[in-house]
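For reference, the structures are reproduced in the following blocks.
Here subunit A shows up in two complexes: once beside subunit B, once beside subunit C.
Let's look at the complex of A and B:
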């Protein structure tokens, strides 16, 4: 057996092995959450180091498993291809899994089903890692399905809570719908081009000769994967699922597994397809015209991006519950990321990647803080959080930084990522400038509800007659504190100097765009 | 190559997909909804088998191989769906999707 294949999949195999180990320990009768958590944290941390080493980070060169010469090769008939942008996304996915498993260490140590939680979290991560190296449509969709099936179960893993079971059911129905759309789209592309490899799609040689077939295939894939990425009008499930899921799972869904959709969009709608030739000549009613894919897609993606951010923000304005507010804000953030896909140039992809990177710390971090606060016995509505900054100053300071970063206030990573993304859209000229304008207007709109939330936390005082939550001053646990601290440090440090990550992302995006040629 | 024309075949698989999607969107009983999911997946599987007749043999995965993998995937998905049905039934004594309204505003 060729061992270079195994070496290529080192991070995937580490995480997969850890998932199987967790399930095995469960069968052997281990019942301690700390044991499973330690396996998950160490596996994701080691895999993260391996990926960072593969990206060419010099101090970790010993850990390198993929030689630089086999990264960013041109697309071939193979099922997988290692791109540096894919490695960047693997690092982002592993970071989100690491943060969530670190925070989950602080849950009660005798909690039922903790092995299922960590095992499924790791399995979902395996799917995300595989998606990041896909070079074939079926390979990509199967990886997305591994993540999907793991996360449906993850949402309902407690099996006792009616709310989370209902969320799991809704998530499952929407997921099944989206996967049948995606696979049907893939089958149409297979019919149109005679293969599912990205190299075949990029060549775009039609074997059947219906341009409409490929166009319908791409449209169905856009819808199917749009569900995963919570694009409007495929977003409605996300709010119920993030609301009903156990809090740490919401953090993983919003901060981690949703991003698989972003990379799938990168693969399908930018790199290989960017330079795809004409779909064919189409002659409805005797009037022939050449159908090309990219302009049609650009328009569809641009419209979806504007719709997603605007509707996400408008609905977030009306939310009274903390988790639902964060869910809608997560939908609008997906709209910003989609700007990068619509523009499709290397700087725009780098900007969208930075936005995804930032979103892990901002959104997963915010959901982890929410999990901590709800664990203290504070209610789920925004008004229950009145004056909380006086009782828990450090926790609320962290939360405030995350919200400010989501709003895009300078000196936070959220500002840098939006700046890079919008300026890339302006550089691309044409009607893309309007995407940047829509993004800016939406950022201004979003500041309103974040600021209102912060005012509730910092300026309002709690109603004098209300009983204080019983565990208000209880510690939140070392694991959770560490995860929140990492997120805060990343938000501020990369907000002040994004260059270390940004330059890597720009180089990776440049290679990625060139791969499709 | 084949007696069935592309247009009539696409009509067949498109109809299967439409039946499946209609079922997913309208069925209130979770078990019937799972059957609808299966029908929608089978539309895609059927497409792969049919289009394999047109595809070149040397271009990556063959249509038949993809179909077999997708049959496995569809079974996995249904198994997960049944697990959720069981948990729901134990929790609430009902598998009616329309009664799941706790999460509305």
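Let's look at the complex of A and C:
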């Protein structure tokens, strides 16, 4: 067996091995949550270091498994291709998995099903890692499916809570529908192009000279994967699922697994197809024109981006429950990311990548704080959080930084990512500037509900007759504290000096847009 | 310097001993004032110099598009004549207000918060003044807005204060969003003009030079440039409370009086004017923009003055007067003489801060803001009465007080502009009419508060002067309100005003100018005499209930119903929009989908039975989305692209 393939997949194999180890330990009768957690944390941490080393981070050069010469090669017939942007996404995925497993160390140590939780978390991560190196549509969809199935089970892993089970069921049904749409779209593309490798799709000409088939295939993929990315109108599951899922799982779904959709969009709608030649002549309603894939897609992506941002934000304004508010905010953030896909230039992809990176810390971090606060016995509605800053000043300071970052206030990473993203849209000329305008107006709108929430936490007083939550001053655990602290440090540090990370993403994106050449 | 302020702000919150924390904040404000004075002195020693220090915070590489060389986000400080002048105003007034706060605020709760927020505000304001590019300017601009929100809502237990804070924040945000769009437009417009790529890569810095940079490069009046200029105007109008974004300022008087003096009279609201000044000097406005600016300024100045005429609340009278005076500054900029606007900003900062602090003394002494309850305060409060009178004379434009010189300069600059463009005439007339109204309403306030023998409401406590910390700022500001007008006549100080071809600062006096000045002084004196006739010696002039002027008075008190209109529109648009989306999601999409679903159910003979209603809804959204995407990609998009000429 060719060992270079094994070396290429080192991070995936580490995480996969850890997942199997967790299940094995469970069978062998180990019941301690800390054991499983330690396996998950160390596996994701080691895999993360390996990926960072592969990205060319000099101090970690010892750990490097993929030589620089085999990164960012032009697309070939192979099933996988290692791009530096893909590696950046692997690092992002692993970071989210690491944060969530770290925080989950603080769950009750005798909790039932903890092996299932950590095992599935790792399996979902494996799927995400594979998706980031996909060079073939079927490979990509299968990787997405691995993650999908793992996350459906994750949502319902407690098996007791009716709400979780209902959420899992909804997630599964809508997810299955979306998967079938994706695979149907893939089969249409196969029909149109005679292959599913991205190198074939990048060639662009339809073998049977019928561009409508290709367009329909892409429309179905847009819908099927748009489900992952919670694009409106494929978003409706997300609110119920984030709300019903166990809190740490919500953190993983919003901060981690959703991002697989972003990279899938990068692979399908930018990099490979950016330079694709015209599909052929298509005559809808009697008007014939030569259809080129990318401009046609841009329009659809732009429409979805504006819809997603706007509807996400408007509905967030109405929410009374913390998790639902964060869920809608997460939907609107997906709209911002989609701006990057729609614009499709290297700066825009770098901006979207930075937004994804930022979102891990902001949104996963926020859900982890929510998990901690609900664990203190505080209620799930925004009004239950009145004046909480006085009792838990540090926890709420962390939460405030996360919300400010989501709102895009300067000196947080959320500001930098939005700035880079919107300025890329302005740079790109043409109608893209309107995407930036829509993004700006939406940011202004979103400040309103974040600020209102902060006001509740900081300025309002709880009603005098309300009973104090039972464990209000209980410690939240070292693991969770560490995860929240990492998120806060990242938000502020990268908010003050984003240039190192940003330069890396810009270089990776520049390679990526040329991948189909 | 700005950084040190931030640190103080944070430190301030940690200091438990209240008095002590206040003094520390005062100490840092004093340090800032000394730095401000030094900067201004350095600038005077080498007139017209530009000192720019900066570093690149973020650099975005170019792509074949609008910005071939990429562009940068730069943080830096620029010291030039205008910023030195503005820095001087901000730090001097800031220090005096801080000092005054020690006496004025001593029995309030939450003092550490107060000093922290005030320090943060000063930091943000100095940052804004010395910013060397538009994006950095905007960042500090937003920060200033946030501080203002906190300070207006300082008494957050009071619902009216909380709602005023929210109103100020929301209304100014309308301006902010438009301002940001304006910045984008300038960048986009500029990037296609010669040399723009280099400018973008260097971070859009304000560049020295006597010709407005952008206008020079673009060569005049393009529609997009006009729109960009109008967006700047909108941003400035939000911050400087110009019509139609003016309504928040009077409500902002819910904050402590010191805050009103510092933020809502002398500094923050002037930031809008400052924006117009630097935009006109560095970016350039098209002639259409200038007319729009004059129109907004001219109309606002008159409009706000009319509302001040009837108001019973001493702080709100001064607040309307601020809106009106800001209108004068805007007029000066719009007439094409940016530095004339700065001149009025400079004098106004001192006499308006003086008026507010004097009003603060009165409120501190009698515990009410209602003019009709006061009266006879001249005897127990001599210092305050004289200080208020000095401020009022300066505001009314009576020589030799500071306001006379700068207001006169504004009027003559509009007169000059009207010579070449007759469209300016109506606004010149409004500006003159306002001189009369101004003198009338401010002396109405003075006579109501200070003249007569005793207060009209016997329940008021016996008045007394404040402690020395409150009196010293009154003395200093009174002195400044007298001499600030003639300071620019000295060559070294005048060099701070020597930018942008504004040769008429300080004003020159030819025959025409003397005639113009005499008219305005005459109108001012007329206003004072009318006020004395109606309200002097403790008289109260009551409008007969059946007077034809009653409806007019109601309209003025109700502020032309604009505030009510805002509320209506705001409720309808913001909440309505959100409700529409909710409604849409719940009924329209659901309804349509249920329709499809029923169709589907019929077709498939009830295959869907057994699923929960909700999930099927979600699935139907997906199906509807797929159908929509198919239509969009297969039919709509090719047609749109074809109609645009195709790729």
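Here is the rule we go by: the second predicted complex is superposed on the first by the 510 of 517 C-alpha atoms of A that agree within 3 Å, B and C clash if a C-alpha of one lies under 4 Å from a C-alpha of the other, contacts with A are read in each partner's own complex, and residues count from 1 in each chain.
The criterion applied here is as follows: a contact is a pair of C-beta atoms (placed from the backbone, for glycine too) under 8 Å apart; a residue touches a chain by one contact, two chains touch by 3 or more.
This structure is a prediction, so every number in the text was calculated from the model and none was measured.
In the superposition on chain A, contact is made by A:296 with subunit C only, not with subunit B.
With both structures placed on the common chain, the touch criterion links A:219 to subunit C but leaves subunit B unconnected. Of the two partner chains, subunit B is the only one that A:183 touches; subunit C does not reach it. Once the two complexes are laid over each other on the shared chain, residue contacts for A:170 go to subunit B and to subunit C alike. Between subunit B and subunit C, more residues of subunit A are touched by C. In the superposed pair of complexes, A:237 makes contact with subunit C only, with no contact to subunit B.
In the overlay built on the shared chain, the residue A:428 is in contact with subunit C alone; subunit B does not reach it. Of the two partner chains, subunit C is the only one touched by A:437; subunit B is not.
With the contact threshold set out at the top, residues 166, 169-170, 173, 177, 181, 240 of subunit A are in contact with subunit B in one structure and with subunit C in the other. Touching subunit A in their complex are the following residues of subunit B: 6, 10, 13, 17, 20-21, 24-25, 30, 33, 37, 40-41, 43-45, 47-48, 50-51, 54-56, 58-61, 63, 66, 69-70, 73, 76-77, 80-81, 83-84, 87-88, 90-92, 97, 100, 102-105. The residues of subunit A lying in touch with subunit B in their complex are 77, 79, 136, 138, 142, 145, 149, 152-153, 156, 159-160, 162-163, 165-170, 172-173, 176-177, 179-181, 183-184, 186-188, 190-191, 194-197, 200, 207-208, 210, 213, 240, 243-244, 324. Residues 166, 169-170, 173-174, 177-178, 181, 212, 215-216, 218-220, 222-223, 226-227, 233-237, 240, 278, 282, 284-285, 287, 289-292, 295-297, 299-300, 303, 310-311, 314-315, 317-318, 345-347, 410, 416, 419-420, 423-424, 426-429, 433, 436-437, 440-441, 444, 447-448, 459, 498-499, 502, 506, 510 of subunit A are the ones touching subunit C in the complex. Of all residues in subunit C, only 57-63, 65-67, 71, 73, 139, 142-143, 156, 173, 176-177, 180-181, 184, 187-188, 574, 577-579, 581-582, 585, 589, 611-612, 614-615, 617-619, 621-622, 624-626, 628-630, 632-642, 646-647 touch subunit A in the complex they form.
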